[in-house]
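Per-chain residue numbering starts at 1, and chain names A, B, C and D are given in the order in which the chains are listed.
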Amino acid sequence: MLAKTAIPIAAVIGALVVGLLAIAALGADPVRALEALVQGSLGSRDALIETVLKATPLLLVGAGITVAFRTSVINIGGEGQMVAGGLLSTSTALVVPDLPAWILLPLVLAMGLVGGAVWGGLAGYLKAFWGVNEILSTIMLNIVAVQLMNYLLRGPLIDPGEIERGTRIPQTKRLPEAADLPLLFGDDRLHSGPLIAVAAAIFAYILLWRTTFGLRLRAVGLSQESAKYAGVNVRWSITSALAISGALAGLAGAVLVFGAESHRMVTDGSTAGFTGNAGFNGIVAALFGGLHPLWTIPASFLFGALLVGGNSLQRAVQVPSALILALNGLVVLTVVSTDLVRRRLAAGTDDAHEAAELVSAQAEDTS
Amino acid sequence: MTEGPMLELRGITKRFPGVLANDDVSFDLKAGEVHALLGENGAGKSTLMKILYGLYEPDAGEVLVNGSVTSISDPADAIAQGIGMVHQHFMLVPSLTVAENVALGLDSSRRPFTDLDKVAARIRELGETYGLSIDSDAAVWQLSVGERQRIEILKALYRDAHILVLDEPTAVLTPQEVDDLFVTFGRMTDEGKGLIFISHKLHEVLEVSGRITVMRLGKVVGSVQTAEATRQILAELMVGRDVSFVPDKAPREPAEVLLAIRNLTVAGDRGLNAVNGLNLEVRAGEIVGIAGVSGNGQREFAEAVAGMRDIESGTIELSGVDIAGAGPSIARANGLGYVPEERMHEGMIGAFTVAENLILVHHDEDEFSNRGMLRFPAIRRHAERLVEEYAIKTPSIDTHGSSLSGGNIQKMIMARELDAEPAVLLAAQPTRGVDIGAAEYIHSRLIAQRDAGVAVLMISEDLDEVLAVADRIAVMYEGEITGIVDAGEAKREDIGLLMAGG
Amino acid sequence: MSDLLTTASLVAIVASGIRLSVPLLLAGLGETFGQRSGVLNLGVDGVMLLGAFGGYYTTLKTQNVWLGLLVGLGIGLVFGLLYGFISVTLRAEQGISGIGVYLFGLGVSDLLFQKLVGTPLPIPSFPELAIPGVSSLPVLGPMLFEHSIVVYVAFALVPVAVIVLNKTTFGLNIRAVGETPEAADSLGVSVGRVRYATTIIGGAMAGAAGAVLTIELSIFQQNLTNAQGFIAIALVYFGAWRPIGVMLGALLFGLLNALVLQMKTLGIIPPDASNLAAMAPAIITILALVIVANRFRAPTALTKPFVRGT
Amino acid sequence: DSGDDGGGDGGGDADGIRIAIVGPSASNDLAFTQSIVEGVNRLDGVSEAAITDGTFVVEDAATAIRNYADEGYDLVLAHGSQYGGSLQEIAPDFPDTQFAWGTAADTFGLANVSAYEAASDQGGYVMGVMAAGLTESGTIGVVGPIEVGDAKLYVDGFVNGAKATDPGVTVTVNYIDSFSDVALASEAAESLLSVGADVLTGTAQMTVGAIGVANENGVAWFGTQSNQSSVAPDIVVANQVYKWEVVLQDLVDAVAAGDLTSEVYEINFENGGLVIEYNDGYDLADDLVDAANAAIDGLKDGSITTGA
């Protein structure tokens, strides 16, 4: 357990050192930078809230990723699945705006799940029944999702006000307040999204290790032959694993929309503009957490803090935001590169072992 | 030219987590001799050879080639030293052609391009010299095990190995193929090559080798001139006590037919039919043993019966219900218990705990799950009980299946399958790769099942096992049952003949 | 519709489709080598961006496009080496490490661009080469034979890749290592060295693809590749790990995009529907694969690190 | 809290106010974000200008806006129409901080929020006028990103300007449905050339790709949002350039005076916030310059409307 946390953290620190050197090279004050990094992500109540909110989509996507990975499917379609979830939940809120909160809120969140599940399940279905590799299909489905988003926000879903004013900003009108994610402490911006995310991680854990369904998924992930022998419907399992992974990403999309300060969906023309790359970063968070849903909770927090701190660092010492992006990449690389060490140290602990086996199980079903 | 050993292994020790695979082992090989290495499964034979071939680093000990100490830290070194190895598990790239597999890793006369035509020509020559004919352009996946075996030997010869290690080469061959192989052995020794021959089959060892070294639990327990050796002596050396080659079992009257297979045709992986219109009945309270050389459709047959493989035509009736093609769940639901041949990759999941593996196929039953939620107390109790009942050697029920020994993995699977009280039990190669102790135990379990009125169908390539355990013996050849005899009046020779298709 | 079928617009579509497919083709061919040997690199896009900036900056300073191409290729090569170290030596999870390379390349290329260049300035692009004779053919000439030199080079690399993979000892090693590393290992083939070689080739080709992109556009901008590297990876799967297949995929994708553009220009696609039309290339690519998918199998050892003796 | 923990260049104690800019694309994008950065740099009475660019993630932008306000910046520019929704929520939490939202026309009725927009349709119109005069083939091509906001405004103005000048010309618009795909923008330009366009324009950051094509084919190019002459010295005819300082100066002065403002500012030819910067490298027939000036005057005195 110690190795599980110590190694990734050491890796992160290593990457940060490099980052600070780069900052010094850019003529900015690394001490200030570091201060801002920590202050801006953990230093104050607002900073903590910022971090928690940033971690929320990472955790939702990451929890889904653990389910996919344990079934040995690589889901790099989180971006598109988040968009799909966001769009379906947004449309729902626009279609039935007058429902009471106690119906509308659960409904839109459910629609987020559905939208993502469809987007992910589609890739799963194509893989399981048509042999279309999920890497190809998810990359392509991301492209489809972004165009669908731009189409809908430019046309059917656009705020009528934008047409009248002629400003034509591709965004919906403010969504019904009944659908706002309730704030936890009234005044500040901490909404209930983080609770949903933690619940999702716990759900993923229970699903994988406490249910027969999860037993089947993990069996498929480790050995399709043994799974089939155990009577598991392998194709069905692969499809459902990607659907679940997508559903949680879709829920992340819905949380982004109904937890956003603007309480509306808006596009800058790219997926990242909406997702903030959580579809990718969630994968990283899941790895931080050793592909275990519960460990993904602190991992997401850590990575969220890094992203928030990075942005505050940028503001404080005015280095180009590109540096922060590069820094994230560096962190991912150092963490993933030291994973072997982590696995070695953690070897013997059940799921370290299982995660290790997974790597070798990957091959069989990459077809 | 046969003075002074061409190869010498001194005090080799190799430790794996939890196992002392080789314990101060010494071994030598003279030019022109066949030196047999004998031992139960897990005795450490392959490990010793893998060290010789540079696949494992020994913890201690040294290797001498032609009298001088040499360090062999990877296969390239071994090859350079004129050492060739035919691995127990084939080292071939299925998607490549024979010539490509042979040429792999060799310099080409036409660098950077391959010179496969030259390679093919040389393969033909070697084939004629050593009696190993093969089509160089065929893709390996299309070839029979016997042919693949030949490629492995050709690979070594092509690199003019003087020292050739053959790790259980005969396990997968028909009697005829074995004879041909031994002819090839003769030609190689005539040229002064030295052969290390690993096998479990005593009569083969006695037939072909000049010297025999026996290993047990990682140690050398004896080395004898073949001339002075007998089956009994070798068996006792291997096991460390005298072995009952025949388990005791009371005669019993079979009752109604529980498994009826009619005109079953099953396609193999390459599309050709592996099972052709096979008919067979198994009755309550009898053990039907299927003898045959591997690759005659036994695997496909077993998978079809277990619901793991779709069938082309025919019926498989379990207590009257046709389950052909319905899938494993359905087969099991109708009373089938199945001990698969592919123990590691099919029967269990290495990264699952013993407890998880013990419910792998029954996790859906009310005892172990309640509306989709696993019931851990019940699962643990179940595991504890079976570990106890079936004497499964494991540190705990939370240990990973993969850390159990072959014999105990098999016991674990048997425990799971038998505890479900099947009406029909299908056991494929139940004792392959398990030591004689566990084998005896498994045999007694199978017989107990039969006595309890279960219809037992056992598939084995080990004729002695079939003879010892089965009530009726059905011989399978090229996807068909070529004959059924009562174990009572079965003669080894006749069955051997049937196995060869004669 | 009728305007679409005029030779003028057909020429435009095909020529444009070919240009669009070149970076995808280059990066895809490189990734094919890696994957054939069992290594997946999801970071292609990041390497492309780094190669693109290197190529741009060099060309800007020297005004020599070939030097620019060389530098882009060299940068890619270095990152290929790095990725080899991460995935082969450190045996990092390949589904994830590539994302790190991607984010790193995306950030660093933009950072260097802002610090070293600032306001984008134009650079020369590759000389065009009208193939004597054929280029004067009526329709085919302008369609196929009036491209810049790198276009021909890129497509010439396809047969080269086919030959390397299928006719050379190196290619034999690659295929063996990607399918059954333990077999290759048992014959003294160094699995690690082969995989390093292919990740380096993959990196170099990705870097070159980026350089070609920036030089052909004669400009650089943050995130210039706009995820083309990911599409290139997808096309490796589309092409079933065969250079010809990857080429067909790249052409399909490029041509579909060009077709959509031309249909917009001709007003066949109304602005309101244009986003929907923009989905077509992605959707059709998937559908096209559905038809061929099951015929081919991925290299057995893909994404599977090799450890001797297990 | 004290303003001292914000901003790179040494706190806000120097005379003048502290401005923070949050922009969606790179500050050297030759387009949207660059225009505001340059504008702010030309302002008087500014002691410090902090920039967070490349903030295409709306939630990150919201955070940056909030934090700049929190760190005591006097004027925070939310320079992205997609930021409006967030600003509407943030501004009330900082009643003493002045915010400005661009490009937009809505202040949400908040006392401390102003909005600024560019009458880019005006510049577009004038460019259209010149383009119509310049084309010989009678076909003009436009490369657009996604048909929204400022881009749509400019394009519509351009089309109308050209049509008004010569109803005979055809203006073909190609929206490539991306703000970032430079390669696609370049191919869109090629596609426009294939249907005979001999004059091109385009808007948003990805159009650098299209400029390259215009350059190679020696086709005239009209730029907008900032001066693009440097990218193609030979073929850029003129650029519509945003002089945001013209309207922002009022805001800065007000803030310096301690007042809050809730105005909608528009830069246009009238107030000199929009200017046509001609490229000296390109010799443009005088009559076209006259036509352009005529159009500008007409737009100033309202005798001409862009119809966008």
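One rule holds in what follows: a residue touches a chain if its C-beta (ideal position, glycine included) is under 8 Å from a C-beta of that chain, and two chains touch if they have at least 3 such contacts.
Every value quoted in this text rests on a predicted model; they were computed, and no experiment measured them.
Note on interfaces A-D and A-B: more C-beta pairs are in contact across A-D.
In whole angstrom, the spacing between the mean C-alpha positions of subunit A and subunit D is 34. Distance from the subunit A centre to the subunit B centre is 47 Å, each centre being the mean of its Cα atoms. The mean-CA centres of subunit B and subunit C are about 46 angstrom from one another, to the nearest whole unit. We define each chain's centre as the mean of its Cα atoms; on that basis subunit C and subunit D are separated by 34 Å. The multi-chain contact residues of subunit A, meaning those touching 2 or more other chains, are 147, 150, 154, 320, 322.
Within subunit D, contacts with two or more other chains are made by residues 54, 146-147, 177-178, 180. Touching of two or more other chains is recorded for no residue of subunit B.
Interchain contacts (touch definition given at top) occur between A-B, A-C, A-D, B-C, C-D. Across the interface of their complex, subunit C is touched by residues 26, 69, 74, 76, 126, 130-133, 135-137, 139-141, 143-144, 147-148, 150-151, 154-155, 280, 283-284, 287, 320, 322-333, 335-340, 359-360, 362-364, 366-367 of subunit A.
Contact residues on subunit A toward subunit B in their complex (touch as defined above): 210-213, 215-216, 218-219, 222-223, 225-226, 228-231, 350, 353-354, 356-358.
Interface residues of subunit D facing subunit C in the complex, by the touch rule stated above, are 25-30, 34, 54, 141, 146-147, 172-178, 180-184, 186-188, 190-192, 194-195, 205-206, 208-209, 211-212, 215-216, 230-232.
By the touch criterion given at the top, residues 5-9, 24, 50-60, 62-64, 67-68, 70-71, 80-82, 84-86, 88-90, 104-106, 117, 145-149, 152-153, 177-180, 308 of subunit D touch subunit A in their complex.
Contact residues on subunit B toward subunit C in their complex (touch as defined above): 50, 53, 55-56, 74-76, 79, 85, 87, 91-96, 100-101, 103-108, 111-114, 155.
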